[in-house]
């Protein structure tokens, strides 16, 4: 009986997560365009609904009813598989993400996370690594030069930034002595990690920007020289899957930044509910993503690689060594 | 493990640390070496090896276990390390000119050799299957790359690729055996294995596991049925690397095989029957197939298979004498094989490849001295007294007969008579043909030194084997 | 049991996504038109007729080098994670050993840098 | 609880598939993947045995195997690149030039 | 340990070879080689002069540790049997140098070095008192001999060299195993005297006997492992043939005397009949083959097989006369056949043909040559008054005592010998002068005479007054026989 309740709870949480993540792009795209409008001294979408609020819905319907175009030379199986492969990893990662400790619902204590893995951080990196497959298959299967080139570049970019990202996190693990995200947040009850790990945070966030293929690192789909990168040939609902996946990653990076460096649901000064604190922080970082998009110019590809390998990686390695030395110095009598 | 233990461990592994550190420094320094100053790399590499050698010899006086039973510095290891140093230094001496001729300009060549050396050293000292594995891989990874070092030559690429794939398979087989041993005994330490298996020596699973481990190691030795890579890799690799591989990694694999075979666990199983069959078939194959080779490097590849077979006979003999005989064999083989490879390397100059046996037609006429050296190495490889090669074989035979394996000894000598044919065939080519063209051997002072040294070893050990024999025996008995 | 409960949701999640994606695709297939013709089915090449094969296996070596670097560095992280977790329990030896490890890593990195493996000539 | 021999059986099956792949498949990339399979069967064995004995050594060994295998694959890929640049083929049979 | 005379004898040629490396002129090399061999001969004569014929014990012994861990020593020493062969080797050494004075015109340095090294090794074989040392010398002779045949030989030299090398190598490797087995059965020592004193079980003796037999039989050579010999002889340069016939073949028979008989007496007695039959076979078969030859060198080569058959016959007769005859016959064969090869070489240098059909009437063109040829031919036929007569008579009487049928076969062989040798002499020396028309044949010159004369002296000396030679070996042979019969039974 308990087992069924537990399983039901898991199923419910998973369903909720899927629903949120699927629907989140709707407000996010609206927000993005609105913010872009404001930054560029214009209004943004105004036609559909009040201040264009229904614009995303209209876009969704449009994508749903667009013709599904598959190029003649494409590998049809991989071409169809790729969007789902791209969609899955960011969603799966959220299983391991805690949004808080517990909340009381109708007297029952319900945890604000689906699963508290002791190796959550490793799991996150492992699953994010799988994102590459959707990209490379999508680009390869289309058999279009822009798509192939785009997918290769995207892959190279993702794997390049994965390394500094991984290194950056190790400092956090050293502080928390755990790979469980829950433990990491608990360890920040007093002081947020960003205080001890500013470099780690910087590396992680920049690498996150690149992982999410956001400006200033959205080289792969640079409209000017690559059409739209690996998803050049995609249209309709399959294209939508890629878009949803990208927004999920944006959200994921924001969430991870908050959990790893900004104390998660631990608040400061103002005693707000933990979940609210958490969401506020996440919202701030999502806003940061959007802000960057309309502020920074795009890097050249060689610059992109140089930043990843020659700036972020040495920084993150130095960060580990310095953290290690500092911890050793503290531990030594 | 306290700080004092750590210090002890560092001391015990000092030679390895020296080599690895030196290799790392050279790796970085090598990037700043300008064209035409490569000799700096050679001397630096030689210096590193010599420092390590001094360390090894100073540490050889007592047995030093280190790193909680993963590693040991004893005489047995020291003996093998000396063999490795020899092989590496001689390879260094032979390399610069050859590298020039082949257009290998990069410093990584020396660094990779140093890393391979450190891998071999770890293998010789390892007392845990994990450290054996790590050493083994460190060594083979470097040799993979070195094999493919002539990037512009398809033959080299191809050899390297074959080597990697087959090597990885053999590693897989080795590891599978290790995992079974771990599963059956609950430990990966060689001593622990023996203790855990005591009293139940005939567990078929354990036998299988040991066979797997031995199979993986036998691959590195180049014995049948894992020999297919040897000729291709030897032919395709740069000749200096071939020379190195035919001696160093082979000796390292033997070091591990002997360590495993010193182990009562293995002694209790009947693996030696398998090994005996391997030895016979290996020697037969190496000897007979070499008869029809036209390519010198390929011939030497098969010859090295045959020699591996002969050395395995020593493993079959087992016991102190058997082990000492394998060790002495490897030491002597290092001298004579590097000598003959030195000649092949030296011949590679201008438009002479030095790889085809016909290239040597009438070599004795313009270069009687070098021809005499070749004669020496070849007769040594064939095992004719008074060269060292004879004493090596003799001692293995003594060990075999001591254990009562007279039939195996007879097979061994008959096969080595077959093998003698292809060595003296080369003698025939260099002495009994008329030279077809001018020779232009790349005889730099370094090559001269290497050849002189190997020749001295080949004839010296042959005439005065006593000291070397005692060395080998003490390394077994007193270690 | 707990391990199973921790990783079971992953399965749920994968199943859920596949389900949702499948349903969406199905709904979409009911709604969307399908009107392919050869010109539309050509790969996008700015309106020109496509020339040559896109997926012929010819691309810059730089990508391979990156892949190899990733494989090496990513696996190094694998050693760092467990070390970081038990840093305080592992004692002096473990603490020092990882610095040796990092040092070797730095040497490798420096080498790759000096060798120009990190240069991306446009 | 899953019994130990299930893991071992899985290991055996993976090992056999991997070995068969190496021996039978002609595409070098597939051969490399088969190698991974082969080595992963070893890892499964190690981890299963380690758990069986409540001993960390199995896991440690597995991590080492993974790391070193990665290095091996890196080397193999590097050599493959050099080969492909000299002649663009991934077929094992096309590679063979040396005989005897 | 006194003056290391034997070491001096053994290593003088080796030192000479080392010295030769630094010489440049061909003539200097020839003279140096000659000087070295003559010094060596002088040392041998010195040795004989100081030799005590009364004792069977080893004399001039030297012992130094070599590889103590395995009980290997550097031990030299000679008894009567070895003394004779040491002397024979010394005697033939300088003759070889003379024989190749003009015959070898290319790579003189290498040739002389090979020759000198060869001589050192052969002397070592006869002097060694340690089995390991013996084996090293024994096996090492392959290297210079392989080169002598292969580099300076005739048309088919490469094939002949290979055949020689592989036959003898395969044989001696089995011998090596035998040696190692003996080592472990005989108390972990390689000391020949100590091993001789051991009593081995018959089973072991039998195995070892056959292991040794293969090695020695190839060297002697006995039928059916003789096929390398004609090739090697025919292709080898004259000096090579002299060494082969004069000394190398003796090493096999010496092996029987030094190892098979004293160490494996029971097996020797047990298998003596087999050996006798094989010997008789060699005598008759070799004679028949010689009869069918047209090539002079081949004829002499096959006659060698036949003559060596007499040697083994004498040895395995296992009685005093047989043994003495066998040993003396070894010496005689060295002198006579060596001389015959020399003569073939001399004529070949002039005409470049060895076919008997090309010759005839040499008597007129070269009277001195043919006279001495007659002497050696008669010696080879064992005519009374020549050396071989004494030896063959002793062997035959020993052989008849041992086995009547074998003795009869041997007599048949001796008759065959007369047939082919006389036939040869008739075709070459007598009859119409067919060669004189085509070749300008000069008679022997002083240098050649220097080589021939000593041999001729020994032919007559042994033939007319064999006592000093028999004296040298008497004591040792008696001791050897006593050893064999004490343990092996019989007679």
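Every chain is named by a letter (A, B, C, D and E) in the order it is written, and numbering of its residues begins at 1.
Keep in mind that, in the parts below, contacts are C-beta pairs under 8 Å (C-beta built on N, C-alpha and C of every residue); 3 or more make two chains touch, one makes a residue touch a chain.
Quick caveat, the model's predicted, so the values are computed rather than measured.
Visitor: Hey, what chains does subunit C share as contacts with subunit D?
Guide: Both-contact set = B.
Visitor: Note the connected groups of chains, using the touch definition above, after excluding subunit A.
Guide: one piece
Visitor: With centres defined by CA atoms only, which chain is the most remote from subunit D?
Guide: Max centre-to-centre separation from subunit D belongs to E.
Visitor: Contact counts by the stated rule: is the higher one at B-E or B-C?
Guide: Greater number of contacting C-beta pairs: B-E.
Visitor: Work out per-chain C-alpha centres and flag the one nearest the whole-protein C-alpha centre.
Guide: Going by the distance between chain centres and the overall C-alpha centre, it is B.
Visitor: Farthest from subunit A in C-alpha centre terms, which chain would that be?
Guide: E
Visitor: Mind checking the centre-to-centre distance between subunit B and subunit C? Centres are C-alpha means, answer in whole Å.
Guide: 40
Visitor: Could you please state the distance in Å, as a whole number, between where the Cα atoms of subunit C are centred and where those of subunit E are centred?
Guide: Here subunit C and subunit E have centroids separated by 81 Å.
Visitor: Which whole number of Å gives the spacing of the CA centres of subunit D and subunit E?
Guide: That pair's centroid distance is 65 Å.
Visitor: How many angstrom lie between the CA centroids of subunit A and subunit D, rounded to a whole number?
Guide: Each chain reduced to its C-alpha mean, subunit A and subunit D end up 32 Å apart.
Visitor: Which positions in subunit B touch two or more other chains at once?
Guide: Expected reply: no residues.
Visitor: Tell me, which residues of subunit A touch at least two other chains?
Guide: Where subunit A is concerned, no single residue meets two or more other chains.
Visitor: Just spell out which pairs of chains touch, all of them.
Guide: Those chain pairs which touch are A-C, B-C, B-D, B-E, C-D.
Visitor: Mind pulling up the subunit B residues that touch subunit E in the complex?
Guide: The contact residues of subunit B facing subunit E are 364-365, 368, 375, 379, 384-386, 390, 394-395, 397-398, 401-402, 406, 409-410, 413-414, 416-417, 420-421, 424-425, 427-428, 431-432, 464-466, 469-470, 473.
Visitor: Would you mind writing out the residues of subunit C in touch with subunit A in their complex?
Guide: Against subunit A, the touching part of subunit C is residues 5-10, 12-14, 16-18, 20-21, 24-25, 27-29, 31-36, 38, 40-45, 50, 52-55, 59, 62-63, 66-67, 69-70, 73-74, 77, 80-81, 84-88, 95, 98-99, 102, 105-106, 109, 113, 118-122.
Visitor: Which residues of subunit D touch subunit C in their complex?
Guide: Of all residues in subunit D, those touching subunit C are 63, 66-67, 70-71, 73-74, 77-78, 81, 84-85, 88, 90.
Visitor: Can you check the complex and tell me which residues of subunit B touch subunit C?
Guide: Per the touch definition, subunit B meets subunit C at residues 1-3, 5-6, 24, 27-28, 31.
Visitor: Across the complex, what residues on subunit A touch subunit C?
Guide: 6-7, 10-11, 13-15, 17-18, 22, 64-73, 83-84, 87-88, 91-92, 94-95, 114-118, 121-122, 140, 142-148, 152, 155-156, 159-160, 162-163, 166-167, 170, 173-174, 177-179, 227, 232-233, 236-238, 241, 300-302, 305-306, 309-310, 313-314, 317, 320-321, 324, 327-328, 331
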